[in-house]
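Shared between the two complexes below is chain A, which pairs with chain B and chain C, respectively.
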Partner chain A sequence: MPYRPLIQRLGRLGLAALTLAGSPLLAEDSADARARWHQAIGDRYALLAEAGARLETSAHAYCEAPGREHRARLEDDWLDAYQAWQAVRFVDFGPIEQRSRAWQLQFWPDTKNLVGRKVQAWLRADTPPSIEAIADGSVAVQGFPALEYLLFDEHLASSEALAAPQACGLLQSVSGHLADTGAALVRDWQAFGDHYRGTDSYTAATLQAGLQTLESLEDKRLAEPLGMAGPPANGYRAEAWRSGRSVRLIAASLAGLQDSFLPGLRPLLAEGGQAELADDFAATLDAARQRATAMAPGLAPSLDDPEAFAELQGLYVEIGQLSWLGQRIAGQLGLVSGFNASDGD
Partner chain B sequence: MPTPLALRPLRRAVALTALLPLGAVAADGATSPQVVTHYADLAQATFQDALTAARTLDARLDELLEAPTAETLAAARQAWRRARVPYQQSEAFRFGNPVVDDWEGQLNAWPLDEGLIDYVAASDYQHELGNAGATANLVASTSLEIGGETLDVSELTPELLADLNEIGGSEANVATGYHAIEFLLWGQDRHGFEAGNGERPVSDYLTGEACTHGHCDRRRDYLDAVSDLLVSDLAWMANQWAPGQDDNYRQALLAEPASEGLRRMLFGMGSLSLGELAGERMKVALAANSVEDEHDCFSDNTHNSHFYNGQGIQNVYTGNYERLDGSTLSGPSLSDLVAAEDAELDATLSAQLEATMGELGELKQAAEADSSPMTFDMMIAPGNDTGAALINDAILALVNQTGSIERVAGTLGVTHLQPDDAGHRF
Partner chain C sequence: MPARRELLKAGLIGLTSLGLPGLGLAAKGPAGDWLFSAADDAEGHRVLGYVPATGERFRIGVSERCHGGCRRPGRTQAVLFARRPGRSMHVIDTTARRELARIEAPAGHHFYGHGVFSPEGRHLYATVNRIADGAGLIHVFDAQRDYAHHTELDLQGIGPHELRLMPDGATLAVGLGGIRTHPDYGRVKLNLDDMAPALLMVDRVSGEVLERHAPSHPQLSCRHLDVGADGTLIAGYQFQGPAWERHPLLLRRGPGGDVGEIALPDGLTDELRHYTASIAVARDAPRVLVTAPRGHRVVLIDSRDGRLVASHALPDAAGALADGQGGFWVSSGRGDFYRVAADGAPPERLEHLALSWDNHLT
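Our next item is the complex of A and B:
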């Protein structure tokens, strides 16, 4: 046979979108679930905006008086804001869809180091970019990974590198743009409220968003970098590999699902007589979050450490369990599949 | 698997007829099985044309190697562009048909770390992070060390190149297919967002003293081998869809219930429309201003690749395909089935497919304009509002048609569009 079957790329095909089609359970009025979701997600956007504003302030403080203390504060605030984004990242509809805002906050995956190249291009420029220039430019330089490059990449390893005018100017403009994005999301999410609460199809869209996040945690954020998706382990496939905070981000995603996905999911399942399934899901979610929170913060550094790797495998298995419960939930609620933007290869 | 019903073929036939949904028989008499059969005919014709065009390309490449001149290089490049026309249309058969999806990586995988194949300018080359094969340069090396193994690559045969795909576990290690040939014909596009594409000198294929960039003999062997592989791969695929055989994919597909064929048709249309073309091939490149995410980045033929992807999707719906020789293949179509069930939906989707072709046509016109052409890599430049609008309009058109494709699936009773059901049963 003149061809060699290639490695199956099911992982890259991603989970199919789930859309509502005449479900017996969801045909019931689900406005109550949406009202809860709107409130809980709005709270999370507010936290993101507040964390973004603190990050912007810290960036200014550091650039005015670079020093160990301001630097430590800046790194902490970067991680806080990044985690605040993870907590609400599962929401893939509504204002986040405008102008590729999700990519603006976090361009990922970035296999070809576009973030590094776009940041380097600005570092080589004659003058630092304005916030407007960042807002009009590539999504790769608008978000948390670009700041991570400035804070953690080996190219800026010397203690003075970030304090240089070009780097600090970039730091402040990207932080400023991030803060703007957070504030805009809070405003736009509120404005979106009536439409969201009044449109039945958003029930399925919200369920889909939460359940798809579990699949992506399992396949993209764990299996691929850990080498469990076929190809060998590759730490560069992990999020936040430069700072070694991949597992912290996963923990934040799980916490976000607890706070802002469960509130609407529970009543929907309860109405369908599936309160027990909701309890199972909530308990597994909590166990996974606790496990992730207690683990070493990074993924790539654990690839060569058998004990730490075993911990990661444990987390992977637990999230796989969550994902499986998610599929059962989808079945119970009568979600059927459609196309989504991750269907390509 | 034999079932008890198979022992009573007549009763089974009666039972199946009773189970057919209303929409399975169109007003003009087109039935679901006829539509799926014609779909297989479309696939066969499209892959056959891709094979014909690849054979022409192979002949032009032989002429280039026989006498490397500016003219033979230009003719080879032109043949490559022509070869993309049927192939890109064939991508509408990719998602949904495992026989195609499992095979296509060897022909059209991208983006690739071209440093695996030949020399690159390090300053303009960003490979996949963690890819151990990204700078292997097979043209310049007779052995390859990867993942703790040493491979003998002294003889560049089609089989060896096929085995080198995804070596070391990285999808960016693409040793074969259209984009490998494209790189060997054009070389790196070092113009970024500016006008201009790859400028590989034809002297890269001269022998002896005149050879540029070294190892011309091996580069010639590479081009020869990779082109032969493309031809044999396409011949194999055209055969998979050929009628009158008892052991190929067509036969297996037609043995399935017609509803399964309809599902594969719609799945292929929707996946190519949204996730692949609108998403991976346009939106990522635009939002990130990333020339690395341009589909035909060496030749700057991306606008045509997108245009003929769109054409392929429309072909599957209308049942029409304009062949390389200018003739048209027509037959019972999805459109016929939908029209019988919901004429308004058929009109909507037909118009949306046409609108998409209009938007993709504008991309093509802008890229091929006589004065100040704007190719795809120029459209995605930061601050190019005109280019961004052209691409965004095309994305929006594709998103719109995908919504209707889902509605068509509902109307025809096709419920399982998820990739995991797409198969691997064949």
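Our next item is the complex of A and C:
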């Protein structure tokens, strides 16, 4: 693995930066950054809600008149909405924590194939579930991976399979629940606004959320399926492996960080005399996003294609650099890596 | 200079905060004793043994992330539990500095990460989840028979977490979190709309639930608690509802059995971000320390009336333990180890280790 030493080196430097972080430079009053974040993240939740509503409409249209055109539209709208979710997925606090909504939208990782098992269980039932039954049921069947199963799994490969009443009923109810979740997030994010803007500790929480996302992009979403984390490469460890859209989702996450993480990050760094670091980060983020957008959409299919695999390695290295810049930012801002803060019990 | 003020105020006690090891204080309290913590370092998950007075320490590699633990009275043993939904507990011997035994939860069960011994150190009470139906139980293990599973107590509720033995030696105080999880779903909380958390008082022999105190809101998950020598009990909540709501995060049960919630000042409540982690009640002073890692704070209150004594910034605060000398030890995910005095003086960093201290100190 030619890139490995580089990554290890970057990793070590990153760790050093965190450990050396001295007195916190986080401005006492970072309300301005939070105001920007609240607006930008709210915009992204609104996009998610709109995309969710379109997806629900497409699901109904397909079920009323199954056909190639409606099917293509449905798949497009599913990916659009899934990407809209990726863009705001880095936010791990506030309304998204309620009712385990992040898990509802995307049950992943799914090492036990609960998504497949729960969808199959509904397909075998006598009547399709209502939206309420989906809302009260398993978290594994409330979001994008369940829809992906219906749209792309080999069990539903024949063209009529999804048009069958049971499958289509499930498709519509899951889409409907997903649209409800998006709408609730928009409403609750607004209700959360005053509290978020007025509470200092959310500055660190938001920074942490963005930087943590870079780490999970690097480790969970790339290194593990690519076989760079120890165990051999395994395409099933990638998100959206059924549809072969793993890299599209990564691109959407990067775009979301550009649109809704940078706006608050920039003024914070500028205030600390680190405008250059902000520029470096923004440029690297943009380069990674462009690279991911131009690549083949899937990850698993590229594992056996040396050229495509090299592309993935390149993306992995670029995100590694981004992650390293993130560590430097954490160090400069005196951000505490929240071992207990982010994952207590 | 907090150290000097202490020195003037309390003589010898000040010497420990100056970092002078031992000085004979070891025999008087836990200062010379081992304490234990789950930790993560560069090589993975660990159980750490540590003596604050001397800095002596050892690490034992474990296969999964651990959580809380308890010491075995009368022995140089401690038991540390795997973190939810782990299935192992590790019996550590401080003399040998090694793991004596690793015990698995009975089939179909997992630990919640906490346990407590009976006064004579024979029976170990551990909170567990019966996976099939999510029933919250206490499993009782017999330490004299290689920690064989002895019996179980049904708590008639979901998600028991930390537990302590009351000074009467007969009653267990249990934080019932109310949150349903299932190993198939990892750590996903499955019933946030339908929680029934409580502070429970349970007869450790009969298993009878003697008292059940529901928090003021059903999404206040009652998780961690500690008990003082006079029976004053403080429990901490984690709120699972909307982040912009404001709810009290602490519950107090007085020595006479009176129960009431403690509301901290509004601004402070907001900064804690609905999350309390470790609770430590001093044995020798009317003080309680609460760690709040999401707010990166520790809060010191008067255990008699819930009055706020101090609130200190402490990055990634994790475990807390009364030091037996009027103060507290506090660990952090950043590797730092502090002493926090009972008088409100700022935390004093005693040690930095290249590891992340996990949630609790034992």
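The working rule: the second predicted complex is superposed on the first by the 313 of 345 C-alpha atoms of A that agree within 3 Å, B and C clash if a C-alpha of one lies under 4 Å from a C-alpha of the other, contacts with A are read in each partner's own complex, and residues count from 1 in each chain.
Just so we're on the same page, a contact is a pair of C-beta atoms (placed from the backbone, for glycine too) under 8 Å apart; a residue touches a chain by one contact, two chains touch by 3 or more.
Predicted model only: the values in this text are computed from it and were never measured.
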Task = Have a look at where A:324 lands relative to chain B and chain C in the superposition and call it first, second, both or neither.
result = neither
Message = Tell me which partner touches more residues of chain A in the superposed arrangement, chain B or chain C.
response = B
Query = Between chain B (first) and chain C (second), which does A:93 come into contact with in this model arrangement: first, second, both, or neither?
reply = second
Task = Report for A:103: first if it touches chain B alone, second if chain C alone, otherwise both or neither.
result = both
Task = Using the superposition on chain A described above, determine whether A:339 touches chain B (first), chain C (second), both, or neither.
result = both
Task = Look at A:235 in the shared chain and tell me whether it touches chain B only, chain C only, both, or neither; answer first, second, both or neither.
result = first
Query = When the two structures are overlaid on chain A, which partner does A:112 contact: first (chain B), second (chain C), both, or neither?
reply = both
Request  = Give one of first, second, both or neither to describe whether A:137 is in contact with chain B, with chain C, with both, or with none.
outcome  = first
Remark   = Both partners, chain B and chain C, contact chain A at residues 19, 100, 103, 107, 112, 114, 139-140, 336-341, 344-345
Request  = Using the touch definition up top, name the residues of chain A that touch chain B in the complex.
outcome  = 1-10, 13-16, 19, 21, 100, 103, 107, 111-114, 117-118, 136-140, 227, 230-232, 234-237, 336-345
Ask   = Which part of chain C faces chain A closely enough to touch in the complex?
value = 40, 67, 83-84, 113, 161, 184-185, 188-190, 192-193, 223, 240-244, 270-271, 273, 275, 277, 291, 293-296, 315-318, 332-334, 354, 356-359
Message = Considering only the defined contacts, which chain A positions touch chain C in the complex?
response = 19, 24, 93-95, 97-100, 103, 107, 112, 114, 139-140, 188, 191-192, 194-196, 198-202, 204-205, 336-341, 344-345
Request  = Quick one: which bits of chain B touch chain A in the complex? Just the residue numbers, please.
outcome  = 95, 102-103, 105-106, 111, 126-130, 147, 158, 162-163, 165-166, 168-172, 229, 232-233, 235-236, 270-281, 283, 287-290, 292, 382-383, 402, 405-406, 409-410, 415-420, 422, 424
